[in-house]
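To start, the structure under review is shown below, and the notes come after it.
Per-chain numbering from 1; labels A, B, C and D assigned in written order.
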């Protein structure tokens, strides 16, 4: 099959699904809408598989399927083609996006069956898929930005999907506005790159930039990549713009799984993996990224420990895991970042869907304090959740182990890494194990704490099947990137590394002894295992201990529990001054000068028009006369 | 220049002149008459004047495209007359007169 | 010679009838003068060798459109109007002037374009003209012809809809 | 081309003669109508003046001519006077365009010391290439006569009659035109002479690229267009404003319709117009569907001179080819007249047999029955012609 046609089908299937459902948005038939939307997603997934197969058939050094449909913008030096490229990076991305996306569409059919506006929901979901595909397939920054904004829009629409609840509507608004700040950075970065290098095409940039000498902090590339990183912090919820993501949990749970865990929030990571050749020319940026990523991972993990809302816990966990990815990007481990992105997509989508299943079973109850002992009510959800849990805390041989271990190893050993980053990463790993175990204990194990009026029940097959598939992938998904020290002995190659090698920037390998690698690995696993055990003992064996610890920590605990008062800080020191300042401008400058100027302009125009408006007297024949006079004038000019 | 021959040898120019006169008459009717139906008649007159020049040109150039145009113009004119008269009937039903000034209500 | 006489008498009648059309105060008389103008134009078409068009002119204009006009006018029972022209001496003058100017310019433009008209073989047998017209209409201009058919259908529906209007925002009752 | 004075004179005379003929047939028709109606209604009819009451016509004419001229007080005299003329003109013009017989060939001869080259005179007032379009165009003007009469009289009944008449004429013109389109498609010509000549042959049609000929039947349009013929004939009734479509002059409702205010000679002219229309209608019916002035296989433009030559010799008339041609043409003209008389009698018979329609029934019939059928006829004819003439791989 023709590649251009294949890519077109890949892109258009969700768009058509969106149009189909969008035009009949008021329908309440969740099954029809869901079938169409899921079908569209499945078609896209199928196309992705075909493209991946074709890509495999190509020789290793030229694994690129590029196509462009038309020249989109052609102004002066700026030539933006509506072009798409499928290479090793985007192939993984589209497989993940459409694969996980299809599963989540399927899950949604069951989850949204009794909603008020299911058709609208599925239309948005399809639109999101379309935009996400645009984002990952675009062969230049502008196309990516189109998708970037598109997914932002869909995120807004879906977070505020239950907009009749003003809190949820404002959560959507918050997500949107926070993203706008990041997008401004993205735009500035894009402009800077174009200003400096005259192109926005990834391939061209990768070809030009390594030849450009870069000067310290104020170099063009550093500034540009920092700006792009600001965009990435917005989209991928890093410090300082992470605040929207926990609030975004107001949306339907499958949306949280798809957009706010598996795909959209990883766009920033994808961007930097895509631009790895550019990024390695700006070591200072990488340093910033690494530290921001590591501290985000740590801070989010600490907050996660104190949360009670099941989705909030998962949200902070997502922020934390995204921090890991940025840590990997920052230390130059692009393969590891992409790897973690993929495995995270599996297990975090799984856990969100699992939490959706739990919430569904508990009749919209989200507080873990009112759960417990769900193991016997929700066997499938429990089993799959356990897979996700083991994956995220990094237990071998689950998916998360390999990717997280790779990141920690690179943080320790890479020329950009250092022991501080590594230490932060390991502590975060411990915290992750702690709060995830805490979540398991409070939700599934122990005694049930909900009232007798609730009768939890296992979800229908449309919801169970995606869980099972994702559960399987949470187990085996990591096996594509088995490190040499483990795989080398038994002859299992690191498939992923080989796969991504031609398209990501390669750093000089630092020689590290296998023993050290084994040691680091063992250490982090041990930390995770111990903190998991501690959590188990706290929440199952002696439930009183956490309270006493919290009491002992006092103010610090409160601070963590309230997310370090970051929202309050933003409110008090950024938003309020802005609002007050704007009010002052409005009341003084606007009213006194600008308004008067516009009134004056209006008065002038209407004054001048009072003479001309006699022409427009409603007499049809006068109009005909003006027409005739106009023709006379034109003909005179033409003839003379 | 203006010899007797110019007048006697009837050619394209004569017909175009005639057509121009008829056209201006039609236009005056559209611009000046108050009765909507007479204005419509003026439009018909204008269209017919144009038809005349089409036919004259067609004869002069020897191809039939002018005839085709006239054919189309006639169809359009018939349609226009139908719509115009229907509007006039609608106006008459409301005001019991068909004066163009009732269209001033359209000024809003 | 005969040609000139035919043309000038025809032209005289045409101009006279057209003038009466636009000046007589009674709209029915105007319509009847217009019928005469139409018939005269049909004769002019015939003179110019466009027999089929002349016949169609008679059928469509004189026979159908004008009958419709006259019928509508009679239904309205309009009497001779006291003020049949819209008022305003200045604008009236302007209107006449602009019409005359436009006509003059159009004549000038057409006349100046006569020179660049490529005259093909002019003489053709009369019967052939109708046949050629038909062939042209159904080959080269087929889409335009079909489009006109659709237009007429739309107009037919529209006319019925418009003439059935009752009341409205400006209805006096 | 050049028309010499002999040709000019003959053509002028021809026009006058044919017009007079049309006008003179009218009194005869009136007599036929009156006697016919009497016959149908089982009474005597005019029988006092002259043999069989034939002189009644003359008496009527005198009455018409001597009646008082009368103009309604608040009417429009100009329109009132012109209306009867306008009513008569279309019929006369249309009748003039229909060929009444085969062309007459006049050989070259010397007369008045001059040489007059051979001529071919058409047996009609004037020959127009696209006669059918001309006849349709002219007869569509007939509505104006009625409208003018109705408006000029300034009489409520007259106006209603006029409006009815014109609405009716417009409505039935559509069906009439479409029915004629079938004929035009069939014979592929707008010319009456072509159509008539095509009918002076054995019945033939194309079937899958082969010509099929049925020698025992003439190639008349009625065999191909029966539906078209019925529609055309019915529409003709409406066009002539005769019963059962004489709503414009329905006595019960409208006194005498548009000629309520007319008397005397002006009324007579309306009469002539109406009967002229009947003549045109019969002539068209005959020309389109019944072989016109020919009667294959007996009397055709080829055989007529051959038949007349011995007859002329028998009676001792001139046997020059000019004279034989003229005699042949007259013979064929008689054929046409006989056929026309049959149709004229049908007109009259229908008038005294069928009751009048109601106005809504009339419109309903015109727009919702005849128009669709005529459309169907046109489309079916076109499709059939295309299918039958197509050479299906043979």
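As a convention for this text, a contact is a pair of C-beta atoms (placed from the backbone, for glycine too) under 8 Å apart; a residue touches a chain by one contact, two chains touch by 3 or more.
Values in this document were obtained by computation on a predicted structure and should not be read as measured data.
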item	value
Remaining connected clusters, assuming subunit A were absent and nothing shifted	one piece
A-B against C-D, pair bridged by the larger set of C-beta contacts	C-D
Distance between the centres, which are taken as Cα means, of subunit D and subunit A, whole angstrom	88
For subunit A paired with subunit C, centre-to-centre distance based on mean C-alpha positions, whole Å	69
Cα-centroid distance, subunit C relative to subunit D, in whole angstrom	30
Residue numbers of subunit B (touch at least two other chains)	27, 31-32, 100, 105
Of all residues in subunit D, the ones touching two or more other chains	none
Residues within subunit A bordering two or more other chains	619, 621, 625, 628
Chain pairs that touch, as defined at the top of this document	A-B, A-C, B-C, C-D
Subunit A partner contacts - residues on subunit B that touch it in the complex	27, 30-32, 39, 100-101, 103-107
Subunit C partner contacts - residues on subunit B that touch it in the complex	7-10, 12-29, 31-35, 37-38, 40-42, 44-45, 48, 51-53, 55-65, 67-68, 70-72, 74-79, 81-83, 85-90, 92-95, 98, 100, 102, 105
Contact footprint of subunit B on subunit A as seen in their complex	616-621, 624-625, 628
For the subunit C and subunit A complex, residues of the former touching the latter	86, 91, 94-95, 98-99, 101-102, 105-106, 108-109, 112
Of all residues in subunit A, those that touch subunit C in their complex	619, 621-622, 625, 628-629, 631-632, 635-636, 638-639
